[in-house]
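Pasting the structures here.
First subunit A sits with subunit B, and in the next complex the same chain sits with subunit C.
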Partner chain A sequence: MPDVQALVNEFVNLLKKRKIEGSQATAKQTAELLRSVISHQRVSHTNQATSLINAIRTVGEKIIDANPIELSVGNIVRRVLHIIREEDLSLVTDALAGFGSDDEDDVERDDHPALSAAAVAAAARSTLRPPSLQTLLEDVTDSAAVPATPSSTGDSDGKSRSVEKGTRGRKLKHDVIEAVNELIQDITSCHEQIAEQAVEHIHQNEVILTLGSSKTVFEFLCAAKEKKRSFKVFVAEGAPRYRGHLLAKELAARGLQTTVIADSASFAMISRVNMVIVGAHAVMANGGVIAPIGLHMVALAARRHAVPFVVLAGSHKLCPLYPHNPHVLLNELRSPSELVDFGEFSDLMDSATGVGSLHVVNPAFDYVPPDLVSLFITGTGGHNPSYMYRLIADYYSAADLVVKQRPTTGN
Partner chain B sequence: MGAQKKSGARVSEDPDELVRVPLQAVLLADSFTTKFRPITLERPKVLLPLVNVPMINYTLTWLESAGVEEVFVFCCSHSKQVINYLEKSEWLSQPNFTVTTIESQNSVSAGDALRVIYERNVIQGDFVLISGDTVSNMSLTQALLEHKERRKKDNNAVMTMVIKRSKPNPAIHQSRLGTDELFMAIDPNTKQLVYYEDRADQSRGTLQLDKSLLVDNPSLSLHHDKQDCYIDICSPEVLSLFTDNFDYQHLRRHFVKGLLLDDIMGYKIFVHEIHSDYAARIDNFRSYDTVSKDIIHRWTYPLVPDVMNFGHTATKLERQGMYRALEISQSQSAVIGPFTVIGSGTKIGNNTKISSSVIGEGCKIGSNVTIEGCYIWDNIIIEDGCKLQHAIVCDGVIIKSGAVLEPGVILSFKVVVGPEFVVPTYSKVSLFQQPIEEDSDEELEYADSTSVIGSQVDKSDVEIASKVLETNFSAASQLGVGGAGHVWSTCEGGLEEEWRHSVAPIPKDKILEAIKTMEDDIEFAQDDILLPPSGELKPNSNDSDDDDHEDSRDDSYYFEKEVEATFLRAVHENIQESHLILEINSLKLSYNKDTSDCAGALFYAMMKYALDTPHSSSDGLLQNVQAVFTKWKKALTSYLNGNDEQIEVILKFEEMCLESAKEFAPLFTTILHHLYNDDFVEENAILSWEDEKKDADEADKVFVKQAQKLIQWLKEAPEEDDDDEE
Partner chain C sequence: MDSTRVSHSLGDPKIRQVGFFVPESSTTDSHKILSPSHLSVPEMQNSSVHGQVTSRSYDYSENRNLETDIEKKGEEEKEAIKSRSKPLKEKTTKAERRALQEAQRAAKAEGSKAVAGTGRAAMGKSTKQSSQKKTGPSSPVAADKNPGDRPLDKDRKKDAPHPRKQVDDETRMEKARRRAVGNPTESRTRVELFQHLPQYEHRTKLSNLESKFFHLGLVHPSVFEAGLRYSTGEISGGNARCIAMLRALQDAIRDYCTDHEKALVRDLTAKINSYVSFFAECRPLSMSMGNAIRFVKSRIVKLSLNYSEFEAKTTLCSDIDRFINEKIILADKVIVRHAFTKIKDGDVLLTYGLSCVVEMILLYAHELGKKFRVVVVDSQPRLEGQALLRRLVAKGLRCTYTHINAVSYIMHEVTRVLLGASAVLSNGTVYSRVGTSCVAMVAHELRVPVLICCEAYKFHERVLLDSICSNELGDPDAIARVPGRMDVNYLDNWASEDNLRLLNLMYDATPSDYVSVIVTDYGMLPPTSVPVIVREYREHLLM
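Here is the complex of A and B:
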């Protein structure tokens, strides 16, 4: 599959050169790349799932390494791995249901020799185990919210019985691609899903503070505006990139009453604010947030004045990892030229004469600890920070947390 | 691809251009200079590691991300090595990015290279001309757009140069990249470059602009804080220009200046200034140091070690700019300071201190080693207790225990430094003998043995090996016991300039010295009262900032010294009196002194001279004094127009007799009399001097008393005069 390899290399290249900006775009492109990897992957008759998983892992490892800071890449890789496992499992359980209990064991052994018995057992247990509160509720109330598992199961129900074993590989691939398509759909529409909840959170005559620019926040505010809510927005400019200026422009163009403030003024203004609504770069498993620089300060200001601090995050931003030393390891130091003009300070950086010892540091992200966050709003609704690990467990398999480590039970 | 690519394509899809021409670039993988010798004897400059990555990778990465689709790499010296490297790397197999190598053995300059490329006929449209030692992260989109817009309006706009603001050091007249201070005159409206001078005569401190420039351009801005990035966007005409003018060698010195001076063809050069982006060329060891530091400080983002890895193992950025590869073994007690890069597979021993340095891959560093500001390349062994400061150490070097590298040392490949040996500062050590070359003359920089060396090194390995063996024997003693390598002697006058381009920081005394000479230059320049040269307005004002208080204190002293020096020069060089007067006048203006100061100073200088002229007795001294006064009468009298000046002279004389030149003391009255007789001082002056001294201490009155007779006589004299007149 030379063309896939080229696609992977190109994506790696773009990630390395930091040419893809924003986690939504990255997530979408990652998913699309993985989709084409899956569709080009030739699956053998015997262990389709394992071969797919291995293929995704190999690619995933590469693209995660290309930009380890962009967590959404890893998230999507893990989501796709999870999808493959789920689809495979649902096929197996279908087969179990279809054939008699005698056949069941044969099928399993024949089709999954590569999967160790323990792994199969664990996987089977996880599906047979009573579902989490979340999935339980969703299955009952709104099956469309998590459509992957139920819909494909229903779809394959009738067919899988009649279809012979050999075509199951193609079947699995087809199902997985379907599910990845839904994932892509999900990523694309995450803004709308979040924005739908806007009216529940923004009330008449409120003052909202946000920092920097986030598409999600923009859609969220606009949705509330469209529902005839009238409210004011304070936009902290988001130094040093000043993306807040762009957001303020767009909001004002939509007729929202917008006020731009300096980041450093957030504490001064916070007493007039009813709610802080911000976007995030990633949400970690403990409910901590990796966010644009300056947000920790705003969160502290909000806590001091007991203002709710609300973080909007699409599901692709939920990262199953726990943050370890996030200030250093999950940070990116960008070029100092965003802060100061090189020409103006060049004489102070002249190491030759020993005059200059000026250093400029420009970290891109802040880490906001979970106890400063009041509420997360994702596509599925509002959640408490302490609940995030549970939500994340629904999207990821525990086996995939470390992508790098090759399965020893494989070939 | 990325945004730039798209817009790049959009640019060339203008309606005017029917065929879409891919954006091309010419990369010169040879600098055609000898600044990086002796390292470049063995490896081409573009393959030297810069923060553990060969330089050419930075250039190629930038070209690719800037949307260039086709690159012609021009290889000259060590062309085989460059080509081999590229073949092994991923660069030849990139989608949408073709790298083609062009090899030429007999090119000795950038001009030759471009002529070869012209003959190949591969350039179809506008192209980027860059040398393989340039690091940049700029976006070409805007510069290209401007270039094409200009081309549409004016076909003569053949080139756009990229410049960046960077303040030069006012004292030593060199940029932070170690290049000479650059003066550029730019039309602020059109951004046209009208003047380019990188070798302004620093000793004169003047800059000459052709008056016609001001006629053609209503406004001009003259910059000395711009750095030439050596990234040029050229039209195809540039190549044919090089072919037409076969004597063009250097891109700047010949081509740019040639075009600026030649107004027949009317070709124009424009500049594009970048602000937030970074671009710099590594021209010498100083810029190697500076650019490395800029990379470590992330100005070149995303071309920084933890983001850009070329098949190397990943590097992690830790607090305070510490970059560490994942697989290193480091002793618990080793201290690694901020802004340091450690390559993979490197071992660091106990109690070793490393700060602001770059360490390559697979190095073994012993215990109790101190490394400060060094560039240690790959597979180097540094034994226990060594001390390295601001050195460049190439691959395979072995530094035996206890050896010391003083600042500015360059150790080329596989050199061995013996135990406890101290390599003196600014030494360059190589296994190769220093090629015997003529003086480092301007022009010889190209004609020198770049090509010779190229072929020499491209000879069979056997020959080199034998040569190395042979040199091993002879050179053993030069680097201590068991050492191997030749210490290159710096060429004449080289030692003077060595500190300018070395990796080591400039020594404090050099800077002070430079500041001192700068002051002298200013004074000197003001000697020739001519128009105040624009170039030195800045140093002048800077200077006053620094030394304001000092100035007022030592002003008179300096003034006197200066006058004395001027006078002595006049004596020794037989300068006409009128010229002497002119010079002293200018000093008077520059130090803001009045005529009496001049008179005093000049008188002092003359007396001093008389005193210093050999004499046997006080009679001889007297004769000397008389001789001097007769000779320079006109000069002195021109300052002795009024009473005050004359009194000043007498006071000065008195002071001299008391302090600096006691030999005059017995002759005081005699000389005073002579002064009176020769009309230097009038009686009024002498009388008022006496008057002034009336209230002084007894000690001060010694000379008044000594001259009492003369004064007495003078007091009587007026009547006679009056009588005469009547």
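Here is the complex of A and C:
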């Protein structure tokens, strides 16, 4: 356990110092950290699921607090919790199904048929199955069943206590680790899954505008290029980090016709653009996007000219929370030194000198409301902003929306 | 004033004056604004230049330059004649006639462009042209121009006043290609969408200009100085550029003396035209400069014939003084007074980039004790806002500085947006520093009123729908470098990348629906009233 603690502390430090860049890297590292937490967690015989959930929650709370703006941390914590719940549920169902035939009158519980049906369905569902009407129906029972699981498992444990307890404990942990591995795999391969769909969206001679730099966008455009589509890309430089320069250079190296423009020219250029394709920092449950700074402006310009505004987002960026005042609450102010020379303006920054005061604002993120987004492309396909809440519900349990422990125990 | 206007409208009732037109001037006159040495270069000047050139034939490079020019010219002429003569033989249909006119126009434009492009050095060869002009009415050119005179005129009217040269005509492209042989990097770095605009060429241009100055002293020193300062970017901003130009022209007029057999009006107009084209070569003219030039020319044309040369010159100089005072300096003061009424205590005023009128408004309001805060929004690559910021803070204003990407973040706390403009066009479009439209759009979205502060002399009859058709290209290298940020060096050798282009637009067009009010010296107007001002106050504007 102490080594896990050390790992957690190290990760928290990195997050606090903002040393981990990009939501993909963060998500991956979070998942890896949680995997080691799970594997080091000593499972008690009675209530492994609950103890695992509690362990993850304690760690999760810490790392979410370390950088509340990096929503992918919270997303991964919630997904791991969801995985534990689902695996546990599927084990319970297996167990019930195993001796259900002979013990049916023994275990006289009204909710058994419903519970097992839901559990079987949940187990059958892979995390990344394309959404269908069936999943929609399933999930109604699922979300109803899930909050009840900890107590119900306890109940059934109590009733059929002699059966295969030891094997179940080890099996749960093993299954969960397996599933978390799958999750990590998923995070690493999210670019490819999204890029696969590039051909469906980019046609010949298209003109595409993007802002700043996003690995997903890069892969997406390259995938279309590899499929022999020829198109032009305008890259807005994405001040104050100017990652657009980097993206432009990489795209040009791949043989794409790339033009770098200043961010201020985005409105001027958008009238000749066929599609805006951008990456996101996080996608909220209402379909709003927390995006690199400047995208709200681009999205407004795109709407003005009826240009589709397409957001690429891996599944780890889907956040089950609804934003409230995201401009302020889900934002971060970076160093003024990115905007002004320290030497030139530092004397003015101090209001004590008597002359006017200077205040430099350098926010990191922009919030793009759902009505400005035309399409989300995730690993599972394209979705409307209004559908995001549904997609998100597939990945998370309602009980985990609030990771902090106090409120949920009362639930 | 009135009489000339009437006469003009009598002669050509359907056509409204657009752009740089001298009201009384014929169509050819209008053309020479962009291409001063074409058709209108007076013989005296020509012959003198010619003589100069021949006497300098030892100057090898220049001479060669001239020769190629003349050759080029000859080819064009031949082509043009060919295309002219063919339809003459057959009975021409309307379409054919139309095509013919196009060809002629293109050829002419080409010729004039070649002159303008290669600048003063090429002036010597235009004796031929001017002779053509002299024989104009009787020559076949004029003869077969007659049947379709009206549409031709119209077209001319449309494209001549463009302050930005459009270079996408086939012949012009041809010329551009020829020029590109001279500096091959240019074609590689141009953005396809903007090939119709004159490309930015800094280093080559400077050396060209300098050599021109020393070889042929045709450009007045003050004009030359102002031109160089334009091209280095030392003078920027609509008003500053306009004033600098007018002052330079004033100097030139003062030092001007008419040749014996020349009429002052014609000769001076030609001179001014050549200066203007020199300015345009240094940096494309702004629309406000176009208006100012139009003013100067109209004053020259209206000079009384009884005036002696000295009287004429003093009148002109005082007219220019009056223009600067009334149309720019006083107008700014009036605008400041108007805009001041819109500033309340507790306001948060946002401004973008650097506009001298907005700066005056802010300082004035601060001096009068209004309590407000200023948000200065800035953008790469010009970072003009920092200069404004420094001055405002020094005067004791409370300022917030941010970059344009963060404008939707900061807009939540803003109560008014004050923006400057380079020109206001008659469809209400505001033509201004690139980024202005973004700021106005975000303000509009968040229901913040947008006040455009602009002197009425910057109003222009043109219309624009987007920022692509007419714009100015800046130095693409400026995009690659970020001052003070050593870590941003990804594009250091961008020119070597085949597929990479850098685009540095200078202006953009803000649609009129983003603009709440335009503050001018005539009062505060909605953008829909711009054409009214342009129409009603035209005489007043050019007085």
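Going forward, the second predicted complex is superposed on the first by the 339 of 411 C-alpha atoms of A that agree within 3 Å, B and C clash if a C-alpha of one lies under 4 Å from a C-alpha of the other, contacts with A are read in each partner's own complex, and residues count from 1 in each chain.
Basically, a residue touches a chain if its C-beta (ideal position, glycine included) is under 8 Å from a C-beta of that chain, and two chains touch if they have at least 3 such contacts.
Just so we're clear, the structure is a prediction, and the values are computed from it rather than from any experiment.
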| item | value |
| --- | --- |
| Which superposed partner A:R334 touches (first subunit B, second subunit C, both, neither) | first |
| Contacts of A:G255 with subunit B and subunit C, given as first, second, both or neither | second |
| Touched partner set for A:E200, first subunit B, second subunit C, both or neither | neither |
| Touching partner for A:E10 - first (subunit B), second (subunit C), both, neither | first |
| Touched partner set for A:E226, first subunit B, second subunit C, both or neither | neither |
| Subunit B versus subunit C as contact partner of A:E192, first or second or both or neither | neither |
| Chain touching more of subunit A, residue-wise (subunit B, subunit C) | C |
| Contacts of A:D371 with subunit B and subunit C, given as first, second, both or neither | neither |
| First, second, both or neither for A:I293, with subunit B first and subunit C second | second |
| Subunit B versus subunit C as contact partner of A:R18, first or second or both or neither | first |
| Subunit B and subunit C footprints on subunit A, overlapping residues | 338, 341, 344, 354, 359-360, 362 |
| Complex contact set, residues of subunit B against subunit A | 1-3, 61, 65, 95, 137, 164-167, 169, 172, 176, 178, 225, 275-278, 286, 289-290, 293-294, 297-302, 307-308, 314, 316-319, 321, 339, 373, 505-506, 508, 511 |
| Sites on subunit C touched by subunit A in the complex | 191-193, 378-381, 386, 389-390, 392-410, 412, 434-435, 437-438, 441-442, 445, 466-468, 471, 479-480, 482-485, 488, 490-491, 494, 497-505, 508-509, 511 |
| Subunit B partner contacts - residues on subunit A that touch it in the complex | 6, 9-10, 14, 16-19, 65, 328-329, 333-338, 341-344, 346-347, 349-354, 359-360, 362 |
| Residue ranges of subunit A in contact with subunit C within the complex | 232, 234, 237-240, 242, 245-246, 248-249, 251-253, 255-269, 271-272, 293-294, 296-297, 300-301, 304, 327, 331, 338-341, 344-345, 348, 354-363, 366 |
